[in-house]
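Dropping the structure in here first, questions after.
As written, the chains take the letters A, B, C and D, and residue 1 is the first residue of each chain.
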Amino acid sequence: MALIRAFETRVSELYRDGEIPGFVHTSLGQEAVAAGVGGALREDDYIATTHRGHGHCLARGMDVDGMMAELFARGEGLCHGKGGSMHVADPSQGVLGANAIVGASLPLAVGAGMSSKLLGQGRVAVAFFGEGAVNQGAFHEAANLAAIWDLPTILVCENNVYAEFSDSRTLTRVPSIVERAASYGIEAAIVDGNDVNAVHRRTIDAAARCRDGRGPFLIEAETYRWHGHYEGDAQPYKPEGESAAWREKDPLEVSAARLLEHGEASAEELERIGAEAGERVESAIERARELPPPDPEEAYTDVFGD
Amino acid sequence: MSSATEPQMAEIRYIDALNAGMATAIEEDERVVLIGIDVGAGGGIFGVTKGLFDRFGPERVIDTPISEMGFVGAAVGAAMTGLRPIVEIMFMDFVGVCMDPILNQAAKLRYMTAGALEIPVVFRMQTGAGKSAGAQHSQSLEAWFAHIPGLKVVMPATVADARDLLLESVRDPNPVVFVENRRLYASKGDVEADPLPLGKARVARGGDDVTVVTWGQMLRRCLAAADEGPASLEVIDLRSLVPLDMETVIESVRRSGRLLIVHEAVQDFGPGAEIAARVGDELFDELRTPVRRLGAPSVPMPFSPDLERALLPTSKAISATAQALQAEG
Amino acid sequence: MALIRAFETRVSELYRDGEIPGFVHTSLGQEAVAAGVGGALREDDYIATTHRGHGHCLARGMDVDGMMAELFARGEGLCHGKGGSMHVADPSQGVLGANAIVGASLPLAVGAGMSSKLLGQGRVAVAFFGEGAVNQGAFHEAANLAAIWDLPTILVCENNVYAEFSDSRTLTRVPSIVERAASYGIEAAIVDGNDVNAVHRRTIDAAARCRDGRGPFLIEAETYRWHGHYEGDAQPYKPEGESAAWREKDPLEVSAARLLEHGEASAEELERIGAEAGERVESAIERARELPPPDPEEAYTDVFGD
Amino acid sequence: MSSATEPQMAEIRYIDALNAGMATAIEEDERVVLIGIDVGAGGGIFGVTKGLFDRFGPERVIDTPISEMGFVGAAVGAAMTGLRPIVEIMFMDFVGVCMDPILNQAAKLRYMTAGALEIPVVFRMQTGAGKSAGAQHSQSLEAWFAHIPGLKVVMPATVADARDLLLESVRDPNPVVFVENRRLYASKGDVEADPLPLGKARVARGGDDVTVVTWGQMLRRCLAAADEGPASLEVIDLRSLVPLDMETVIESVRRSGRLLIVHEAVQDFGPGAEIAARVGDELFDELRTPVRRLGAPSVPMPFSPDLERALLPTSKAISATAQALQAEG
């Protein structure tokens, strides 16, 4: 979580300062979901994520240097500068990619579940998506397919209250994603998305179910988007005090408090972890800054394989 | 239209012109509604619809969930039953999730019902590569719509057209795919410039040596190329692909004997091919040189600004190609 | 119902004999749904239907001659021979058309509901669709929109067990459409789709709710498709005896029995109604046979209006 | 491929050739699966997949709900993760409900990941006007796919190609849009006819006066027109739009000096325009007459058989246009 926090805090600044091009969407405040899920998966499991996927990728162990270089649009970026923040991917880490089409992660993860099942690999495929994506037909169709085919697919809905500028509770009569999962006969559970342990436990269970061939599971993680929809969004639509209240539940502080309380970590250790994360990110930034843009030829490669 | 734009502010931004066009449309006809994701209270992800919600209220300016298939289809159904919706598809690329209501419903139901159904709906969508938005947020797919009988396809390149063509599209009794270019949103211009009806191309710059046909953000680059000289370019802003004003194009090429078509869309199987094919046929004997096209190469749009920049026709490339044409004969 | 039965029985034969071109899908065995809904609507209400829409159109009072002529692809057909069975429409009767895209009727009816609400017309819009269409994203999105906008739209799902060659119960874990309506906070009710009175009562209530501004309602009508998916389908997929059992519940006989029992009609009257329906259809057929094909110019008109 | 088709039955139907191609593909590679609505137990709405379910079982031949966006997207996700799916979209027109996985996922993810993701998926879809299927079941949209970088577009016109190109498409590491023509399903031919690799056009009939480029069901009509004479037509079956074998076309037109392009798709902004534009440019000096195109007019397909018949290019119209070209110069 410290790494995600450090990474996105700096990315937000770098974007503001014009060092990172394109669109950037941060998941600051939602780190526990990424970390809780990521830590519960097996090396060879898959994830398909969204426009807000930095955390999910980092929690999967995506290379920080390669990822930062990608956001900087460098030739040595993970996608050679052709993907960027909204499309960063690394299949070698099971990351099928961030995706800029809302809802697209769901059918893709269903497909990954099909591969795992038909090839008998016991791999789990996770689809990350926001509560806003639940109103897309792709969610509806994909959820039903995962259910009837008993696929090892975990649907992780990050309910961060907003879809762009809109409070998602105003865009459906049934704001509970867990309730909507019932339409597909998919078991589901709501978890505190700011509590990494809770998310982690849920995912462990869900993954075990999947590997036992008991089919998909939906996790609704209640959390909050600290920043705007995109970096630079002034967020006039957020009610007074709402952000402050949620920042009280900072996922990093929640787990820090618990670790200290149970004596599982000392203040110094936590301090060090944070500091190391910061350094890791800074060195990635320094490195990325020095890297050259992609070779012009890159624009024409990888359209077709042979 | 004065109601929507104060007389003194003749110089406004493209984005304000779009806003003014919608304001006038909603104001002048109670059947006009605006539908889309965050077009209401939020004022639009790019601010295009700012103020309309406060001015006209939630019944006329309607926020939607992320359900394009549903709300685009609903807009088509509403158009069949008395409303005149303007529905926004935030990025043209998103037609991937809501093509059916455009392709199989709006474009066909008038015909299939022998004219019994009228479908006055405007599909506003936005494109514009060159902002590192990535391969899923940078496509120009106007050729797709122009290939479907029953749809008009409008692409304003100027501030005046942003307002006037939008207004005409809303008043049109047919489904209109209205393509805005994000790269032009901040551009300023005279909103009271000489109006032309929907369906007529505009000769943006007179010239003798080479006719350059274009639209959207490429118009500026073609005009810049014309400034470079020495060849004298006649730059035509097509303004709409359907209706396609071949008369203006043919008349110009007849004089210049040379044609260059410039667009942001992928060149292969792109919109320029139709114009090239028609001119090649109709002016076979008058053409002094082959018809040339400049569009994007057949690759997805890369994220890297450097890579992306190299894929869009530049004013340099445009003028170089024009000079080459002139040199050819 | 007698008219629908007579109409489609003959259409089925005429299609088999090659007198009617294209694709034809009959609703034989499902007449009570069309009649029950149709009879409960107001003159100016709307319906949007499917590839299996003959009954719905007839129950709305669509002109039999014009409709038959359309199926025969005649110039005097309701759509001048440009629509056909899958696209027959008559906006003057509130029929927005049959539709060959599964699920398309739903967003269209939502739009008609928007028009009625925004223009303050108090008109109700009915979307007919099959249980198979429920797995389309369009159903999901349209149902949610109708709900959040409290639209006067009635979702009528004709659950006739099959979607083409597939038993729809095998394509979802939640075969109950009523249960799936809960995802949208839409009240719903299941009715015996072979009992015209039951369908009629339900629709009366639903329409009243709509006009009171209480928003959409979903009716799941349980019925059965007597014929194949399309005329000519040999139906090897239907289990032994299933058809026979359902034919026992012939909607026409169900209501005939009730009418006789309550002395609301005599056997003679029922006989006459059936006979008249048959004659009405025959005369429409005779007329259609004599009519010329469309003027060749028709191919080029009605693409755009001005 | 013998495993799938008995040696003696060289003369089979197009539909059987497709079936044989799929059988071989599924048999030779355990990663190949077939996905679609009623492709399994039902054997396909047109019987194309008959017997495959019984032969390979429900794990390899998968029936789906009516959820194209879901299962086409799932096929793309499966292709990224080790399977090689053949996914059927029953009618090409239905891409309206499932374009995103083709347009924004399959076509782009290899590129966006700099080749890290490979997406070997075949999108089988069927078209073919002339059966009174109506405006929503009769469209030929191959131009749409050819305009999208990252997709191959294959259109078999012969029985041998139905099998061989399908098999090659499955073996291809890229997303392939495979367009079958329903009008050809019952046509018979020699399945062992001279095989050509995917990407090469076939000269179906040699000739000197006019080059006729076509594909799909129009091939038969072009051959019939060639039979009519007197002009000697060289008929080229393009077989795929992407890759586009311009070499074969250019070589032929260089000899004939005349080109006629014939397709079932709507002519305006249609696939023929690209070929016309390229030939008009590359052979500007060698062309004896303008490049002509024969496609459907810009109207939705009407239900009436009489109206519909009049809209598709006939062998009469093809030969008349060819004669006219020859007369022109």
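Simple rule for what comes next: a residue touches a chain if its C-beta (ideal position, glycine included) is under 8 Å from a C-beta of that chain, and two chains touch if they have at least 3 such contacts.
Note that this is a predicted model, so its numbers are computed, not measured.
Trainee: Of the pairs A-B and A-D, which shows more C-beta pairs in contact?
Mentor: A-D
Trainee: Compare the CA centroid of subunit B with every other chain's and tell me the farthest one.
Mentor: C
Trainee: Express in whole angstrom the distance between the two chain centres, defined as the mean CA positions of subunit A and subunit C.
Mentor: About 45 Å separates the centre of subunit A from that of subunit C.
Trainee: State, to the nearest whole Å, the distance from the C-alpha centre of subunit C to the C-alpha centre of subunit D.
Mentor: Distance between chain centres: 36 Å.
Trainee: Averaged over CA atoms, how far is the centre of subunit A from the centre of subunit D? Could you give it in whole Å?
Mentor: The answer is 40 Å.
Trainee: Would you give the residues of subunit B that are in contact with at least 2 other chains, written as numbers and ranges?
Mentor: 64-65, 67, 69-70, 93, 96-97, 100-101, 104, 111-112, 134-136, 149-150, 297-300, 302-303
Trainee: Do you know which subunit A residues sit against two or more other chains?
Mentor: Only 79, 82-83, 87, 99-101, 135-138, 140-141, 144, 148, 171-172, 298, 303 qualify.
Trainee: Could you list, by residue number, the parts of subunit A that touch subunit D in their complex?
Mentor: 46, 48, 78-80, 82-83, 87, 89-92, 96-97, 99-101, 104, 106-112, 114-116, 118-119, 125, 137-138, 140-142, 144-145, 148-149, 298, 301-306
Trainee: Under the stated contact criterion, what part of subunit B meets subunit A in this complex?
Mentor: Listed in rising order, the residues are 37-38, 41-42, 45, 63-67, 69-70, 93-94, 96-97, 131-137, 297-300, 302-308, 310-311.
Trainee: Could you please specify the touching residues of subunit C with respect to subunit A in the complex?
Mentor: Going by the criterion above, the answer is residues 135-141, 144, 147-148, 170-174, 179-180, 182-186.
Trainee: Hey, which residues of subunit D end up touching subunit B in the complex?
Mentor: Of all residues in subunit D, those touching subunit B are 69, 93, 95-97, 99-104, 107-108, 111-112, 134-136, 141, 143-144, 146-150, 241, 244, 265-266, 268-274, 276-277, 280-282, 284, 287, 289-293, 297-300, 302-303.
Trainee: Which subunit A residues qualify as touching subunit B in the complex?
Mentor: The touching residues are 21-23, 73, 79, 81-84, 86-87, 99-103, 132-133, 135-138, 163-166, 168, 171-172, 237, 293-294, 296, 298-300, 303.
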